[in-house]
Amino acid sequence: MSDFPISRYPVPELEELPQDIRQRILDVQERSGFVPNVFLVLAHRPDEFRAFFAYHDALMDKDSGLSKAEREMIVVATSAANECQYCVVAHGAILRIRAKNPLIADQVATNYRKADLTERQKAMLDFALKVCNDAQSVTESDVAALTAQGFSEEDIWDIGAITAFFALSNRMANLVAMRPNDEFYAMGRG
Amino acid sequence: MSDFPISRYPVPELEELPQDIRQRILDVQERSGFVPNVFLVLAHRPDEFRAFFAYHDALMDKDSGLSKAEREMIVVATSAANECQYCVVAHGAILRIRAKNPLIADQVATNYRKADLTERQKAMLDFALKVCNDAQSVTESDVAALTAQGFSEEDIWDIGAITAFFALSNRMANLVAMRPNDEFYAMGRG
Amino acid sequence: MSDFPISRYPVPELEELPQDIRQRILDVQERSGFVPNVFLVLAHRPDEFRAFFAYHDALMDKDSGLSKAEREMIVVATSAANECQYCVVAHGAILRIRAKNPLIADQVATNYRKADLTERQKAMLDFALKVCNDAQSVTESDVAALTAQGFSEEDIWDIGAITAFFALSNRMANLVAMRPNDEFYAMGRG
Amino acid sequence: MSDFPISRYPVPELEELPQDIRQRILDVQERSGFVPNVFLVLAHRPDEFRAFFAYHDALMDKDSGLSKAEREMIVVATSAANECQYCVVAHGAILRIRAKNPLIADQVATNYRKADLTERQKAMLDFALKVCNDAQSVTESDVAALTAQGFSEEDIWDIGAITAFFALSNRMANLVAMRPNDEFYAMGRG
Amino acid sequence: MSDFPISRYPVPELEELPQDIRQRILDVQERSGFVPNVFLVLAHRPDEFRAFFAYHDALMDKDSGLSKAEREMIVVATSAANECQYCVVAHGAILRIRAKNPLIADQVATNYRKADLTERQKAMLDFALKVCNDAQSVTESDVAALTAQGFSEEDIWDIGAITAFFALSNRMANLVAMRPNDEFYAMGRG
Amino acid sequence: MSDFPISRYPVPELEELPQDIRQRILDVQERSGFVPNVFLVLAHRPDEFRAFFAYHDALMDKDSGLSKAEREMIVVATSAANECQYCVVAHGAILRIRAKNPLIADQVATNYRKADLTERQKAMLDFALKVCNDAQSVTESDVAALTAQGFSEEDIWDIGAITAFFALSNRMANLVAMRPNDEFYAMGRG
């Protein structure tokens, strides 16, 4: 593990943390084999930590017309547009695993228009990038392009809401200089 | 009250809502005299509603080195950059009230550099706008400009986190075409 | 009345001014009940003052296929894009009065695509914003979009010319830090 | 003379025009040997014509701390940024003549930072381009950069006002597809 | 000839140069009557010089579905977008000569949409500008717009490759502050 | 190996190619164990192929004040800004190998400001990105920032020229939809 700081802000010790937050961190450690830095870095502010992960789970863990891999594509494509190192590296790893495709994350991060995606997935990312960069100009014709690809109104909320949540997340990661764990870089490439 | 829809999505009736959400809405109605539309519109997704308002309260209601009026300045300035009608109109009203200044919200929404603010407040908004538009380029020299104005590291997190939270909020409002209540336009102008 | 300066430049006294300019200012004062600051600020340069208001009147006071309220919508939408505090606040007041609508100015200033406008008016503002931000790319297809909404060639000149005139006006106001009169903020909100 | 139309709009015959406008056109024809198309194109709207040229003359013909060549540099540099063919070609010709320099107009139009200009003139154009592209962000530090080069407050108004006037002029020329006279291209290159 | 430096870097004497480079320069001098500065400036790095001109000749001197004038239009339009003084001035001269049209270079440099071009040529430049400014977004619909104008797949490679080569060339010229020869300004205007 | 096309254009068979190009390809295959697609894709145009690789070698293989890893950092950072999938993936692999650092390529591609680089290397990339995105605005103060970090004038040419060469390369790769070999993704991550 490298010696670089993982945040511009103090990173709390596990034992200092409120019980619910400590438990969440121990759970993720057991499941993943390590603690993704976002948990430690955001634990500096327990109330914001709780809201952040509640929001994350409400969007990323629920049933949806979007597959889990598709949701990670949205995260990777919009986080790349926002130049968020933590989210591109960490969610790139998750995308490789969810999609069972070792190439897809680097493709989506660099230029999703050239990635090995379906037309439906490219339309999904066109919309996500518009919400990311220019939400004020979203019109019914943008929605119609998604409907034409078979997305429901609830799917469209999901695409937009995941993009909106990572608009928050990317800004926090850039603000605090959140460092991705070394483990993420090679995950899912086998 | 006008007849325009307040969301592209179905707006639930109060009685359909989970008890905790219904109670929160009744509380705000009692306090404000009306229900701000954001509560009704986001109640379409109860889990996201809960996380959204938990995040909001963690940033906007807590003690901070930033006054409540200053926090609303951040909301108004960055929401104007994102062309978010709901947040500019609703938080503009709150800013007028918090700052006891009937002119300040329109000034900040149009061009904060020309608003009746202190140098310290303009530096705060310079930073907020950078996190809003170009968080990837935030460097230690941006932080130093705030430190020189007396902001602490925790204040800087607050400025950035409020901006990040409204980056989410503005995108959701533009996505669902959230309409501000008519009541907000004239509040605090007396 | 607030004590803030209304211009970076010297503001002449009424009695120092040439007769025609003084008379114009007295006339507007009688009609409005106060002197909008733009008259006092631009009187620093009498020849430019005369040309400015002659141009203004030639566009804003004449008969046109655009209603007076529609012309003010163009002013407010493009002045907001140019972040011109004077024009958004002052012409926002005039728009509320001309349109007899207390909400419309704040809506148009923040995001005209979400304002309570007809499709025809939104097409008018799409064109105005293109002339404002990217006139070099205006093509016959932009014109055709207006023709399809029933605008005549002379109406199109009006839309473009009002936008062009406020491109000048907004830059002058930002250059000299022209301050809107306090009176404008609350006008037409009743 | 080429056969291309000089405007998207009807171009009046001299004899149809009001006396004052016809006289102005005859005067410029006598002085220049031809009628620059801007006079014929804008004569479609006599009141706007009068205001336009009154404004032009108030800025470009008066005494100023800026030489006439320097004022044309502002016109050429900002009109190039606005991709206005009429103003770059016509005022490029005037700049070559005023500066007695056959190279300067093409240099300023392409990249004024690499043109054969003094540091003072480059500072003048830095400011003009900021007023052209981003007037809302002009601050006292921009003004200070000009003061350091010896510009007075009145000179700064002139730089900004010329830029603002051509912001109008460039938009009108692009709107009506105003064509430069063939004569301008080769003038002052001898 | 003016006394301004033609490069930020040392400019070699002809006699110091390797034989093949010296011969190339003598040949161009004999053909043109003077040595275009690009040959002298890039000779500072002989290997890069050889590759640069080999690439240039492979695109600009070969048989192509694009006429030589059309290829120069691509150079002038994209070099103007990149604000490259050397390429706009030097290739503007070549364009005037190739097209036997004294007006066309200034028109294309300022705003190709308003230049005296065919619809086919405007479509060619629309594509070139997209490769210049936003190659990552080129899609099959951009290609289809060219095919509809009769361009072959090999023509499309030519348009893109000329744009790409001058993306390199413009950056080098701006990097080293390459000065166009005085001779170019007036060439082909007769 | 995946079945996706590696170019929008025909890809020649080795045996059809001119002897010198075939030999170059066989050499790289022997050295690398596979043929990077750029060699096969550009062989569609033999003269451009020869010039392209001559230019590449003149910059990337020669002695320089920049290490080979540093040169690859420039390629990766600017190719990411241009969203060039081939160059980010292929040169990312080379960067990992040259720098003996499995993390560095993804860091530089996403946000070089947050990468594990020295201040000197960040200054190098600041300059490269300016040449990539805004070469027309490069001034002596940009050069001075490099000189202050110990870069020589020849080093500065190298930084700029590598950036300029990949401005060409990225546009070609996006134009022809050049696909990176699957092998590159995992190289140097061990």
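So that you can tell them apart, the chains are marked A, B, C, D, E and F in the order they are listed, and the count of residues begins at 1 in each.
Just so it is clear, contacts are C-beta pairs under 8 Å (C-beta built on N, C-alpha and C of every residue); 3 or more make two chains touch, one makes a residue touch a chain.
Keep in mind that what you see is a predicted model, and the values were worked out from it rather than measured.
In summary, the chains found to touch both chain A and chain D are B, C, E, F. Rotation angle, chain A onto chain E, C-alpha superposition: 120 degrees, expressed as a multiple of 5.
Between chain B and chain E the centroid-to-centroid distance comes to 51 Å (mean Cα coordinates, whole Å).
Remark: chain B and chain F have CA centroids separated by 44 Å (rounded to whole angstrom). Centre-to-centre, using mean CA coordinates, chain B is 28 Å away from chain C.
Residues of chain D found to touch two or more other chains are 83-84, 111, 136, 174.
A list of each chain pair in contact follows: A-B, A-C, A-E, A-F, B-C, B-D, B-F, C-D, C-E, D-E, D-F, E-F. Chain contact summary for the complex, chain D toward chain B: residues 136-137, 139.
By the touch criterion given at the top, residues 8-9, 44-45, 47-48, 50-52, 54-55, 57-59, 62, 82-84, 131-132, 135-136, 138, 153, 156-157, 160-161, 163-165, 167-172, 174-176 of chain B touch chain A in their complex.
On the chain B side of its complex with chain D, the touching residues are 111, 113.
Taken together, the chain A residues at the contact with chain F in this complex read 2, 4, 80, 83-85, 88-89, 92, 102-103, 106-107, 109-111, 114-116, 174, 177, 179, 182, 185-186, 189.
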